[in-house]
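Presented sequentially are two complexes of chain A, the first with chain B as partner and the second with chain C.
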Partner chain A sequence: MTMNTGHEIREAIARGEVSAVEATETALAAIAATERRLQAYLQVTPERALARAKEIDAAIARGQDLGLLAGVPVAVKDLFCTQGVRTTAGSKILENFVPPYSATVVRRLEAQGAIIVGKTNMDEFAMGSSCENSAFKATRNPWSTEDVPGGSSGGSAATVGARCVPIALGTDTGGSIREPASFCGVVGVKPTYGRVSRYGIVAFASSLDQAGPMTVDVRDSADALEAIAGFDPMDSTSANVDVPHYAAQLRNDLKGIRVGIVSEFEESIAPDAAMHALYKRAYEDLRALGAELVDVSLPHSKYGLATYYLIAPAEASSNLARYDGARYGLRVDGPDVFSMFDETRAAGFGPEVKRRIILGTYALSSGYYDAYYVRAQKVRTLMKKDFDEAFARCDVIACPAVSCPPFQLGAKSQDPVAMYLMDFFTIPMSLAGVPAMSVPAGYVDDLPVGLQLVAPAFEEGRMFGVAHAYEQATRHAWARTPIVYAGDGHAA
Partner chain B sequence: MPEVPIDIAHVAKLARLPLSAEEAERFSSQFGRLFEFIRELQALDVEHVHPTAQVIPLHNVLRTDEVRPCLDHEAAIQNAPATEGPYFKMPRILE
Partner chain C sequence: MSKVIGAPADTEAVIGLEVHVELLTASKMFCGCRNAFGAPPNTLVCPVCLGMPGSLPVANAKAVEYLCKAGMALGCTIAEYSKFDRKNYFYPDMPKNYQISQYDMPLTTGGSVTLPSGKRVNLTRIHLEEDTGKNVHAGESIARSAYTLVDYNRAGVPLMEIVSEPEISSAREAEEYLAELKAVMSYIGVSDVKMHEGSLRCDANVSIRPAGARELGTKVEIKNLNSFRSVGRAIEYEIERMRACVREGERIVQETRGWDEGSGTTHSMRSKELAHDYRYFPDPDLVPLELGRALLSRWRTELPELPAAKRTRYVRDFGLSEYDAGVLTSERSDADFFEAVAAASGNPKQAANWMMGDVRKVLDRAEMTLASARGRPEQVAALITLVANGTISGKAAKEVIESVMIDGRQPADVVAERGLAQTSDAGAVAAFVDQALHANADSVASYKAGKEKAFEFLVGQVMKLSRGKANVEMVRGLLKERLG
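So, the complex of A and B:
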């Protein structure tokens, strides 16, 4: 069972070869065939999806214009509010929360004809790099079901990696789209901060959170970002910057493009011979397409982890103060209002969330605010300057997305700092707010690894152009079949 | 054992997040290694650097103050753990 890409489905629908209902049924069948082994979804919504698909088919029959994603099955991380469909953020504290409205990005996907088939598993409140911090279940990697899919957008990565749907939405705060995209062999895009509205996305760290597409190919990411991007009056931090037709910016060669190679990152990856060799080959592939490779430096990137683990938990501790049992979510009753607050929060949050609330509350507390939080914000300024200087010398940066291929379930779950280090190559871009993506770059130990591409703010089109040329020349995503199909009778 | 500067019991109180003794002890030892990284920030000279709170150049985003359609009352309280009439119902706050 091979799921086509989103643009192939849309074109087949436009030619009348397939209906939106048939495309949706194909996706639902692929989910049913793999879900027992993959555990990618917290909820599949077949009735809602098929009803929506019928509406799309009826609209097409009436001669309405096809949206950018007409009839394309899409999964969304359970961090996005979906009106009338339970939205848990992977947390016990929101186990029964049914949003009365949809996130702007969900509404924009549906306005372009996309069909939402379900809500994907994730680390609780998007805090984690393996999907093991979900309060409900652990998702498996479609390329090796003993391994994690990455996180926090692990369910979205796994369902696209298993070719159940061509497009899923994730969110990325410090690497939560790019790391799982690398682990599951898919394309994953973190847009520029402000590019995509955060309205209706359960908040983690508000100065860092961004939603973005996870797809089988680069063209689908370009179309999906075009669908969701742009100013939203409901999010005052969304930028009023025109959204281009990204598909027109896809390239097939890299003549005249200067690609920056980050010397600090090359030093970090060098001790791992297999990873080092994979990335060296990727850079040579870019050069063979006509790119000029130039050395650039991100001298403050080594401070990224410390900076991020002060700023993100500080913002999280503030955002998560709203979960107090008063207006929505879990309530554990106590003899008075304060014990209700305390007992609700103690029972509702999992260990990683508690760890970050404590850390963030400390960084913001009286006497420590300047020493930790403000200092981290100053280092953030230096990291942003690093990128400004690097982009004076190059058009895009190419670098590792991850330091290793997917790891086994349980391998890092008792060691938070080992887990935090998974985001070493992705955090600096989040702190600087610049767009970055992971694109399949081959396999190490038979498991997928992604190449990270980074562009200046609001230059996602340039990034897609480079990613497309690389993808079409190397075809890594199509070189092998995810193992999740072995034994299920669905070899692609 | 690296030094961990956090008074976890005090911070837990600030966060309204009571921790078991086992949780407090585990977090404390886990923070140890993280603070090895955080201490490296203290060595950087940032005296003349401005802090960055957000990364895109947006300032004073304003909108006109006008009544617009919004959630109706019933939808706004549909997820409440307890209600009485049109209100969120809470345990007694004042004696």
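So, the complex of A and C:
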């Protein structure tokens, strides 16, 4: 039998057919076999993973209750602080940084029995849509090693796409989970802002950053989100809202569900015949499951990119000020302390990070603040209203996750604006703080493309329900096999 | 505005103060680290107050409460909606290279401080922020040092900034303003307001203008003021310097100047380091503060009686003089002690006399304070009662007070041990009186000849014979009888 998903592994462990150590060894072997071609990891942590797996097996032997993710190998983006394990955020400036604490979501994953096997590659400080902005290496797409895996959570998407691990954690600020999930043919979830604690996640744009799961199937995303979600006293912006048992909300049909189709997005995607056709078919599949399709409008979505590229860099310019060489990370000495700051930052940050720091510093400068930052916040409020009005007419929104299938390495790396445009369909949800996910919807040019589903704030359960019905009816993720593929490695 | 003493008749000074007060919370402003002074460097730190990657601030509710209570005590308006902002600039005492502060929506606005003259100095605002760490430079300044050491123990300590309107007219008023602020803060217990430990810090904005003018002159900000006295001296110096500038026909430059305690002068600190655009914006890591009316009114009821109200009550209810009331209320702990003595003895006037007289005297001699003394209010009250009911004389009580205050002994025990109780046995007192009259025939004769002073001498002789134990009222009565 095959076990590609986390819930299958957990069930096999529960039945005593496989141990946590065996599951971990399988994942480590899969990573070892594919890593040369995939370059998905900045660090693999086999000793730590196996030691943890032994603890889980011992706990199971003692008859302890199995956690939600007991014995499931999980990879985490290198943006999550992991106690005692180097955490770089894909940047030279944190190349030697070993945090003395773990992110709340990492602690919660481990509390549910997950085995963390390594830290995945990413665009530096999560700034990018291709993983090419990593200071260390470029991750490849498991469906075509000439292509990018998407970003910024590219390493997490690639390792799940190649079936090395069933679950990886990513973060999404403007599309950094959903776009790579679409590119690598996996499920990727950006939860409601405030659903998941940000404590211990290296900050990019504080009012937008959210951690979420990237998985082979929807059920694993539901379980993983259940494991990591919930109020955290260490994060004032985390919401004190109960976390439901999402797996209980998974559906197999869509009877009585109104699915909103965004007219502005359909206009944008229409010129690309193949993409347009793929999404048209996806909507028809939803209708075939019993959903009623209704037209909705997000009139301010056209200002999404401009708004995002003021707010996110503004917050980033302040969040990244702490990397100055004084306390941790890279230090380049200078004749005095201010020169040390300058030299450290000049040497430690890559070009895209510098570009955004400059953008953000400018947007916050006196004389420009009202025209840029304040106005951007007003547009953001309008965008939230757009979603409120849309959700008065539908239960979930279905729309494109991306405007194109994966592109070649280097194709957009010299053109920042073209790269920024990759987030066109994902940014409005980030600005509005509503939950959204990408679920495999088929292939264009033999490369995967995801369907984006969006729900009102804290209605992830409803979103998972629709995604599950669609996934089970279409089974796109299992229709083809990527060229870099750990295969049915998780055999019992 | 009143004129500066000694200034040319045509200029007046305009002064505004920015006072930073560290709040006396158990933990820091945005993390759980202990808020304490004097610990070894970098021992009171955590990922949050060190600004480590991924760490997040969580506002200390007690600090918000303390600031609001300070605002209430000063008559400020408390904002029902307020928020935190980031003040961005690079400096190595700031772990995040931004300071979490409040920009356009401070917790309080308005309010005032009343000076002894009755003049009210209005407040602009009070806002909450986090303190920075402390730099120790190897050289004379940060730019001229081979290395700089940083202690982050203070980083993240809750700090309130109290900004006055430019309504202070002299160095003396500035000192009075600070003294009153300090009294109010220590009264409500939100800060220990020790300027030498940095828990109260002050920057002064000074300008001069033609007397009676409405427009403000060019202002200079003076930093590095380490005591109330240095605030006064620096302001005096700066006003003088500005007037000299005007006399010489020089332009006064808007700048920051540092006070040098040693030379008693200010010097320009203007440099690139201080030319900032702080790029304030709302801190996205923190949620806005929305204080409900119920919470605010509960805090209001928890406020202690403030010095001004106490003074009025002491004069009205206890019949004390304004001066005595002022002395007794200058420190809250002293006032509390006095009130406990007054209540337990039922004799506020005697309690006031003792507190300001012999209690103070023995404590000063022993270099102690009411807080460090072992004697408690009940014991002082017991001593007052022993005098009032005639058990001991006032003179004997003065001998007892030291053991009571310094060693914490019970007055009755000391009286018994030293045999200080008065004798009110008529036979015994009569015997002493007769003995004294017999031994001092001369004095008896003088008295009878009209010398009133001789009477007091005879009283003294009786007391001496009784070794102070004879009830002095009885002695007087018997002497009058015998001599009458």
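Basically, the second predicted complex is superposed on the first by the 481 of 492 C-alpha atoms of A that agree within 3 Å, B and C clash if a C-alpha of one lies under 4 Å from a C-alpha of the other, contacts with A are read in each partner's own complex, and residues count from 1 in each chain.
We adopt the following convention: a contact is a pair of C-beta atoms (placed from the backbone, for glycine too) under 8 Å apart; a residue touches a chain by one contact, two chains touch by 3 or more.
Note that the coordinates shown come from a computational prediction; the quantities given were computed from them, not determined experimentally.
Visitor: Examine A:Ala168 and indicate which partner it touches, taking first as chain B and second as chain C; both and neither are also allowed.
Guide: neither
Visitor: Once chain A of both complexes is superposed, is A:Ile257 in touch with chain B (first), chain C (second), both, or neither?
Guide: After superposing on A, A:Ile257 lies clear of both chain B and chain C.
Visitor: A:Thr237 contacts which: chain B (first), chain C (second), both, neither?
Guide: Both: A:Thr237 reaches chain B and chain C.
Visitor: A:Phe341 in the overlay: touching chain B, chain C, both, or neither? Say first, second, both or neither.
Guide: Touch partners of A:Phe341: chain B and chain C.
Visitor: By residue count, which of the two partners contacts chain A more extensively, chain B or chain C?
Guide: Touched residues of chain A are more numerous for B.
Visitor: For A:Ala89, select first, second, both or neither according to whether it touches chain B, chain C, the two together, or no partner.
Guide: Second partner only.
Visitor: Does chain B (first) or chain C (second) touch A:Tyr369, or do both, or does neither?
Guide: So A:Tyr369 only meets chain C here.
Visitor: Please indicate which partner A:Thr307 is in contact with in the superposed arrangement: first for chain B, second for chain C, both, or neither.
Guide: The first partner, chain B, only.
Visitor: Find the residues of chain A that appear in the contact set with chain B and again in the contact set with chain C.
Guide: 97, 100-101, 207, 233, 236-237, 317, 321, 324, 326-328, 336-338, 341, 361, 365
Visitor: Considering the complex alone, what residue numbers of chain C touch chain A?
Guide: Going through chain C, the ones touching chain A are 47, 50-59, 86, 88, 90, 92, 95-98, 142-145, 148, 150, 273, 277, 279-281, 284-287.
Visitor: So in the complex, the part of chain A that touches chain C is made up of which residues?
Guide: Interface residues on the chain A side: 80-81, 87, 89, 94, 97, 99-101, 103, 198-203, 205-207, 233-237, 314-315, 317-318, 321-322, 324, 326-328, 336-338, 341, 361, 364-366, 369, 373.
Visitor: Any idea which chain A residues touch chain B in the complex?
Guide: 96-98, 100-101, 192-194, 207, 233, 236-237, 239, 302-303, 305-307, 309-310, 317, 321, 324-331, 333-338, 340-343, 345-346, 349, 351, 354-355, 357-359, 361-362, 365, 371-372, 374-382, 384, 415-417, 420, 431-433, 457
Visitor: With touch defined as at the start, can you tell me which chain B residues reach chain A in the complex?
Guide: On the chain B side, the touching residues are 6, 8, 11-12, 14-19, 23, 27, 30-31, 33-34, 37-38, 40-42, 44, 46, 49-56, 58, 61, 63, 71, 75-82, 88, 90-93.
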